[in-house]
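Structure in structure tokens, see below.
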Amino acid sequence: MSSGIAGASLQDRKTDQRSSGTDGGAPTKRTPAGAGRRSRRFRREDLIKLGFVLPAALYIVLFFGYPVVKNVTMSFQEYTTKTFFTGEAPWVGFANYVTVFSSQLFTPALLNTALFTAGSIAGQFVIGLALAVFFKRRFPLSSFLRAMLLLPWLLPLIVSSATWRSILDQDSGVLNAALGSIGLSGVPWLTSPSVALFAVVLVNIWIGIPFNVTILYGGLQDIPDELYEAGALDGATGWKAFRHITWPNLRPVVSVVLVLGVVYTIKVLDIILGLTNGGPANATQTLAVRSYQESFVNFEFGVGAAFSNILIVISLLFAIVYLRVNRRAVDE
Amino acid sequence: MRSTTTRDTRPRIIRRPHVLGSLAILAITPFALTACSGGGGAAAGGDAGTLTILDYYNNEPDKTLVGDALDRCADDVGVKIKRETVPGKDLIQKVLQQSSSKTLPDVLMLDNPDVQEIAATGGLSPLSDYGVDTSGFAKGILDAASYEGEVYGLAPTVNTLGLFYNEDLLAAKGITPPTTWDELKTAAAALTEGDTYGLAFSSIATYEGSWQFLPFMWTNGGDEADLTTPAVAEALQLQVDLVNSGSASKSVINWSQADVNDQFMAGKAAMMINGPWQIPALSADTNLKYGSVQVPVNKAGQTPVAPLGGEVWTVPVTGDKDKQAKAAKFVECISSDENQLALAEARFTVPTKTALAEQYVAKVPEMAAFTEQVANARSRTGELGEEWPEAATEIYTAIQLALTGQATPEEAFKQAAAG
Amino acid sequence: MTTTSIVTGGRQTRRFAPVGPRRHRGDRRHLGYTVLGILILAIMLFPVYWMVNASLQPSGNTLTGDFFPVNPSFAGYEKAIADQGGHLVTSLVISLGTVVLSLAIAAPAAYALAQFRFRWISIALLVILIAQMIPGIVIANALYSAYNDLGLLNSIPGLILADASHAIPFAILILRASMQTIPPSIVEAARVDGAGHVRAFVSIVLPVSRNVLITAGLFAFLFSWSDFLFALTLTTTEDVRPVTLGIYQYLGSQVSNWSAVMATAVLSSLPAILLLVIAQRFIAAGATGGAVK
């Protein structure tokens, strides 16, 4: 990556030579000739470039900076309901983290978080990609159907979880009724510790498919048709076309979808609370659920913050991996 | 590489000010608009004659019923009120946000098990500061609202748990409503037929599951201070037996009390453990004939003890002495005899002043069993105070372990205590 | 440029040409896809159907109900329409505002991170990703205090600003992913012609990124439309109440009116669906507009 400064002045010189008094956009002012001209314009250009990111930077610092700092400091304090009233929060160092790691539920929660995330992402992505490829073809009603696919994403989670609870009910749920009608016995979807996590993953996949389909579809749309036509001339169609044309061109979008998928899924809370509350017998406890319960059920906000910071660290690891992969792609 | 655009882009450019400038304007606009936006913080009601209220009766019919009582008291005390309602499970979150920004309301409604937790923070003012008379109230509810000897709030009405039964289904089998655990087991087994389970209750992995367990635990002599006693395990064994024998659905571990009511109303359960707040819904179904009795006891001679539900009205410390005094009068007014009876009748809850019990049952006979039960009801936080949430978590964890067959009741409580 | 280098990707090239007329390979094949599409949709949307079914049951749940609502009761819908009409408008205004704000902030930033060569791009990306990882409740609590001091509670601009926190980091990321594939030669060509960065951005980059801008805007709309946390935290009165919070009117701590809840959910999905269908039409086949030979 070339240094920003050198690059700017190089481009500058080019523009300098080519533009000749035309009204080429607002920024380039005519300045008296001299050594000052280049450095002033170069600084100004740098400012403009920074100006592109400034609003976003400002927003992120304001809306995310303070909360994240607060969350980290909270995890090192004994933060309870009393703190909200008095503002006092004694420093306890790593005590909260010790509580977290030594809690009986930590390892199961960690494992469940991993399984839940991996299962959800795998399902959402594969099905999402398949649907995106399917809908890339133009057939009657395709854009309407594609829009309707976003419905699961649109429903309030409280409604989705209530509906799924009703569908998955062991006795009167329509899913077991359907299974029964083809001769299979009903499955204790939400009442058996061994099945509950699987059921919750299924529901989360259902919710996540629209997100994946839409972004992947957008990415697919950006691949110009000429590539496929050229490839077809070389004999690459169907699966070969997918491997050699679609997949490489889709890579930046895919990596965004996967990393964001992990970041979002790790945080998932409402759907698990709505379906099982972390049960039965803690079979669907995840780190996010633990964080919520510690903070808002037990009023131990320091411990809850510790849990959510651990989540952030895990997400961070994924993010770093993403950046490595992304940098390699840019350098190719 | 020289290139030409095939399309003349010039007409598409709208003359716009410098990008930075326009973005800066965009950033500043919301803040400029705040000058215009009213609303502001909750305590910004600088009007000395207005009290702010926060409660969780956010849906009908409770919202209007309680709203009427609040309006009546506003007239009595001579103030105007500004009321905020939030969904039930989000109340505490709101309270905490408001306390950290020093914008607590003048009158705060709290669910009774939360009162001691909030009082312990110093955010509530004791009612004795204002000379509020707290005599005549049921002991259980005063206990729940007391912290270190001071009473912090009054509840106009309370509710509890009882056993509802489907009169038709029981009559068809010639069964009378059970009064002991053995009778309960026999009746439930006999009533389980086809799609219908004999009994439904809630054992969900939240405080609701713990709440529903308390009648059985307390009636049998169990105590939340030590959950590893045989009395407590025996109570859990009852539930385990009911589920294992098929008299109760395995789905109880996922049901809230609302789900239990749905099952009962759909005829999928012949009996249910639930509370009187379901009565409006039950009565709305004219085809359903239901009755209610107190929760069954283990051995004849035991007194059925059920937990106390209900909301307490408190006076937060806002720093404004005059308003706090007015708020205290307001709280006193909400629990006046007249309001207690009005609220109790409308919402199917039980008045907290023991003297009103007879009068009440005469007016609302369906509430007879519950009124009797309230006399012996116990508050969840009466003994453990702020330590109650831990105990409640242990209870529902143990229930879940036992009902999913992962541990016997004794082991389940031991495991839950360790976690 | 050889065919192989185009096919194997690597340095992305984007060639634009007016798309020729599609050759239909027979309507029958296309209809086959339509049928398959409808089937897929039916499976995916079955729970939605179940929800609609529940909303039409008199009891508000499907325990007593049948597979089809044979005796539909519209009580839930009547109530929902009566109560939630204004809230739907509020949600709409807030969501559209969020789209505008998010795109205005995210698009330039995404372009800069995609095409400008800053030394600190990795750090910036990391920061943006971290921003996505923060639990919403943490942000909500911090915002409550701040908004209270600034008087932004119960205000539409306040909610727009807050809801944008869902959308901006995400928009930056997907916009950047797409803008990375814009060949710098196009932009350079414009700059050589005398356009500054801003003008190049507005007249070259934005039109070319139309698809992904629409996608990002779509998600900004959906994130904001379905936000509950900020709606709950940043409002204290009924003045400004998005529909996600309005739904809680029917969900009390002890009694719930599920048919009204489901009816509201159905009704609140309709405007969003309409917008989605319209927006999806704009994500047309391939890149169009502007051509560089």
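Note that the chains take the letters A, B and C in the order they are written out, and that residue 1 is the start of every chain.
Quick note on the criterion: contacts are C-beta pairs under 8 Å (C-beta built on N, C-alpha and C of every residue); 3 or more make two chains touch, one makes a residue touch a chain.
All figures in this text were calculated on a predicted structure; none of them were measured in a lab.
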A-C against A-B, pair bridged by the larger set of C-beta contacts: A-C
Farthest-lying chain, centroid of Cα atoms versus that of chain C: B
Gap in Å, rounded to a whole number, between the CA centres of chain B and chain A: 36
Computed distance of Cα centres, chain C from chain A, in Å: 14
Overlap residues in chain A, where contacts from two or more other chains coincide: 26, 48, 51-52, 55, 172
For chain C, residues that touch 2 or more chains besides their own: 61, 63, 104-105, 108, 137, 141, 161, 192, 198-199, 251
Two or more partner chains touched - positions in chain B: 18-19, 23, 26, 93, 96-97, 100, 266, 268
Residues on chain A engaged by chain B in the complex (per definition of touch): 26, 48, 51-52, 54-55, 58, 80-82, 84-87, 103-105, 165, 169-172, 188, 190-193, 276-282, 296-299
Complex contacts: residues of chain B adjacent to chain A: 18-20, 23, 26-27, 92-93, 96-97, 99-100, 117-118, 120-123, 195, 204-207, 249-251, 253-254, 266, 268, 389-390, 393, 397, 400-401, 403-404, 406, 418-419
Residues of chain C that touch chain A when the two form their complex: 3-4, 6-12, 14-17, 19, 22, 30-31, 33-34, 36-38, 40-41, 44-45, 47-48, 50-51, 54, 61-63, 67, 104-106, 108-109, 111-113, 116-119, 121-122, 124-135, 137-139, 141-143, 146, 161-162, 164-165, 168-170, 172-174, 177-178, 180-181, 188, 191-201, 211-212, 214-215, 218-219, 222, 225-226, 228, 244, 247, 251, 258, 261-262, 265, 268-269, 272-273, 276-277, 279-281, 283-287
Chain C residues touching chain B - in the complex, by the definition given at the top: 59, 61, 63-64, 101, 104-105, 108, 137, 141, 144-145, 148-155, 157-158, 160-161, 185-186, 189-190, 192, 198-199, 202-204, 207, 232-233, 236-237, 239-240, 248-257, 289-293
Chain C-touching residues of chain A, taken from the complex the two chains share: 1-4, 7, 11, 14-15, 18-19, 22-28, 45, 48-49, 51-53, 55-57, 59-60, 63-64, 66-68, 70-71, 131, 134-135, 137-160, 162-164, 166-167, 172, 174, 206, 209, 211, 214-215, 217-219, 221-222, 224-227, 230-231, 233-234, 236, 244-245, 248-249, 251-253, 255-256, 259-260, 263-264, 266-267, 269, 288, 291-292, 295, 305, 308, 311-312, 315-316, 319-320, 322-323, 326-327, 330, 332
